[in-house]
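The letters A, B and C name the chains in turn, as written, and every chain counts its residues from 1.
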Amino acid sequence: MISLPRILHPRHAQVVAKAVLWAMTLATVGVLFYIIYFVLRRGLGHVGWDFLTEMPRRSGSVGGIFSTIVGTLYVTGVGVIVATPIGLGAAIYLAEYTREGRLTRIVRFGAESLANVPSIIFGLFGFAFFVTYLRFGWSILSGGLTLAFMILPTIIRTSEEALRAVPASYREVALSLGASKWQAIVRVVMPAAAPGILTGIILGVGRSVSETAAVIFTSGVSLKMPHSLFDSTRTMSVHFYTLTMESISEPKAYATAAVLVITILLINVAAYALMNRFTRKFR
Amino acid sequence: MSGDSGTYALVKIAARDVEIRYRGKVALKPATFDIRTSTIHSIIGPAGSGKTSFLRSLNLMSIELDGAAIKGSIKVDEEEILTIRGAEKLAKLRRRIGIVFATPQPLPRSIYENIAFGPRIAGTKKKADLDALVEESLRSAHMWDEVKDRLDLMGTSLSGGQQQRLCLARTLALKPDIVLLDEPCSALDPISTYKIEQSMQELKGNVTFVLVTNNTKQAARVADRTAFFLMGELVEDGPTSKIFTRPNDQRTGDYIEGRFG
Amino acid sequence: MKDRIIEKALLLAALSAVGILALITIFIFREGLPVVFSKGPGEFLTGTVWQPSHGHYGLVPMIVGSAIVTFGALIIGVPLGLACAVVLAEMAPPRARKILKPTIELLAGIPSVVYGFIGMMILVPWIRNNPALGGTGSSALAASIILGIMILPTIIGISIDAIEAVPRSYREGSRALGATEWQTITGVILPAARSGIVAGVILGMGRAVGETMAVIMVAGNSVQIPDSILKPVRTLTANIALEMSYASGQHEQALFATAIVLFIIIMILNSLAGLARRKKKRKRKLKGDPASGVEVA
């Protein structure tokens, strides 16, 4: 038991302790707000419609970030399109078709371990497997597939939770009315779990947009406008990293950071709002 | 009190030595009795007697969902159902044998969609056909006038009694031969209870009802025949009037008189 | 028939996570093991000289770098994280919680490159210009601070879960015996949540060890065993990321070997965290029903 020196009456000790904890908490929250404030204050000034729609020129020191925005959309898109059916399928299997046992333990171990693998290892793997072994080269495809592997555990976890939250009676009723197990899942359970599932997908999108290490070694750094899945492209976060580390342009770096932060903020707000709607439905 | 006049009626469901176990533990010792066509057959008894286990076995839900192991034979229209396998056949069985659960469970959809759910899966596509089915089912459940202008209202926004009648209506939409009811009125007000009992009596010409109930008075009101289950055993089965006035078994009389519950 | 095919397809999807994990393991090892065998693991794990041009692949400076930075991150992250967790789980009124919780979850969403950027622009100059600290600014200290902030959401999230999982009866029993809220928290709840919190800390460690971009931007990245936290360090992750773009041949393989070391460390940490979690489950089973007789610590 943690005991403060006896000079302090327990109730006074409590006041002190609580004050300290609150201070630490508010400091933590303050740091977050400061980070956002700092980036936005210095960056927003340089963000305009032109910045978002113009192509980067001279390595990004002049012009905008349009090709990186497009690149980010493509790579994230591939990632989500590949990860969602697989993740959802896995979640449906875990929630609807098996009981807790050896198989589910193996699957969960796989998903949890995958969730903890550092992004640099994903980047390295993506390079060794997609770029080199499968000969996709540095491309949207390589980057997108690597991202898909990264966000798969998130989608599995949130989808499974969403499916399990659907009351068992829904399934029972559907079956009793002549639906097969799969029909019950598709027509009743999944629509009911949809907000939760969507939240997981949105979180996956957020993760993809912030990701740098995995993408830089698989999608490359080309600033050209990508036209096919096999084109190399630079995402916003990679562009931001390059601008910073190679000291290309501080204002552009701040501006790109601002765009990144606002994008993440919007994604998180969307996910949070959906999660709220979902839990309120089953309150 | 409705009674069976003793005239011979066809057997709809024939249960022979039906034994139900969950994980090895016996929920119902071998039970044998008949449920006759176009009757309301009630099953009474205290909690834990095996009534619900038996009921849910009639549409194989106890096996599929509750993990029950069943021995013996259950024949519906002389066809054995315990050997039915395969999603197709199970679905077909459940369209013939509908069920209303103890707590009203409307799907999170409109009234119309709740009722149209089963028929849609069964293949009915045309709007006109579905409309007709919805109206007919709601009329059978004595609900049409109440909700006919609000068919797109969410099923969950109805009152408890209305929800349960909705559940009955959506089961009827599939035109089943048999409807199982698992203590359907235990959470309902007397008026809703009355309306459901009325529906049963009106429809029994075409539908055989198997009614599990905790409420002996309800059994006395509506059932043609009654079976008494006690602690996992079928004690007695016979015409309702007889069960309630001159039962063969001492325990039956004790339960009905309320000497134990 | 169709239903059976669907079930098999779903099973395949479920196994995909494990399959991908296996695939990653195979490919990383495939690329990295040859050089480990030809040079011997000792070269990597005990060698202190990293000079690829001369065939020296000693990882010790990087292992030390990762270790220092990770423990530094824990020193900052654990107290702050626990404090926030206790506040959010026990002390904050519901309305405050509604604002605070998503805010902290937002911390987790900020890209690591932005954290690194902030570190570069604010923290590093501050360290450099601070009379009590000094140095070039890009240092183990800077990396520890940034990482400490980055692992907060992990620690907070899992600690909150662990605290909320403590049965109500523990709290009520403790208060009924006259303990103050604070005494209840420190004497009953935190000890009871200990395994969960430990699991969270271990996972936070894993995140710190695995972090790349932010560290590269503030840690200095020189290959040397530092003698003070104000000196620059290079972590295992930075080693891989910095040199991958121009490495080839055996050098490239050595980077994969670095990844193998990193991978093994992460897997060990994961298993430890899993063990901590399971210990909690077993403890609760042995204690039996907590509501039947409360014994306060």
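We adopt the following convention: a residue touches a chain if its C-beta (ideal position, glycine included) is under 8 Å from a C-beta of that chain, and two chains touch if they have at least 3 such contacts.
Small disclaimer: the values here were computed from a predicted structure and weren't measured.
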Fewest touching-chain hops separating chain A from chain B: 1
Maximum centroid distance from chain A, chain identifier (CA atoms): B
Most centrally placed chain, judged by C-alpha centres: A
Chain centre separation (chain A, chain B; CA means) in Å: 49
Chain centre separation (chain A, chain C; CA means) in Å: 18
CA centroid of chain B to CA centroid of chain C, Å: 57
Multi-chain contact residues (two or more partners), chain C: 3
Shared interface positions of chain A, touching two or more other chains: 180-182
Residues within chain B bordering two or more other chains: 87
Residue ranges of chain A touching chain B (in the complex, touch as defined): 169-170, 172-183, 187-188, 192
Contact set on chain B toward chain A in their complex: 59, 61, 64-65, 87-88, 90-92, 94-95, 98-99, 101, 103, 105, 107-108, 117-118, 121-122, 170-171, 174
Residues of chain C defined as touching chain A within the complex: 2-3, 6-7, 9-21, 23-24, 27-28, 30-31, 79-80, 83-84, 86-88, 91, 100, 102-107, 109-118, 120-122, 149, 152, 180-183, 186-187, 203, 206-207, 209-213, 216-217, 237, 240-241, 244, 255-256, 259, 262-263, 266-267, 269-270, 274, 297
Contact set on chain A toward chain C in their complex: 1-2, 10-11, 13-14, 17-18, 20-22, 24-25, 27-29, 31-33, 35-36, 38-39, 85-90, 92-94, 97, 103, 106-107, 109-114, 116-125, 127-129, 133, 149, 152-153, 156, 180-182, 206, 209-213, 216-217, 237, 240-241, 244-245, 253, 257, 260-261, 264-265, 267-268, 272
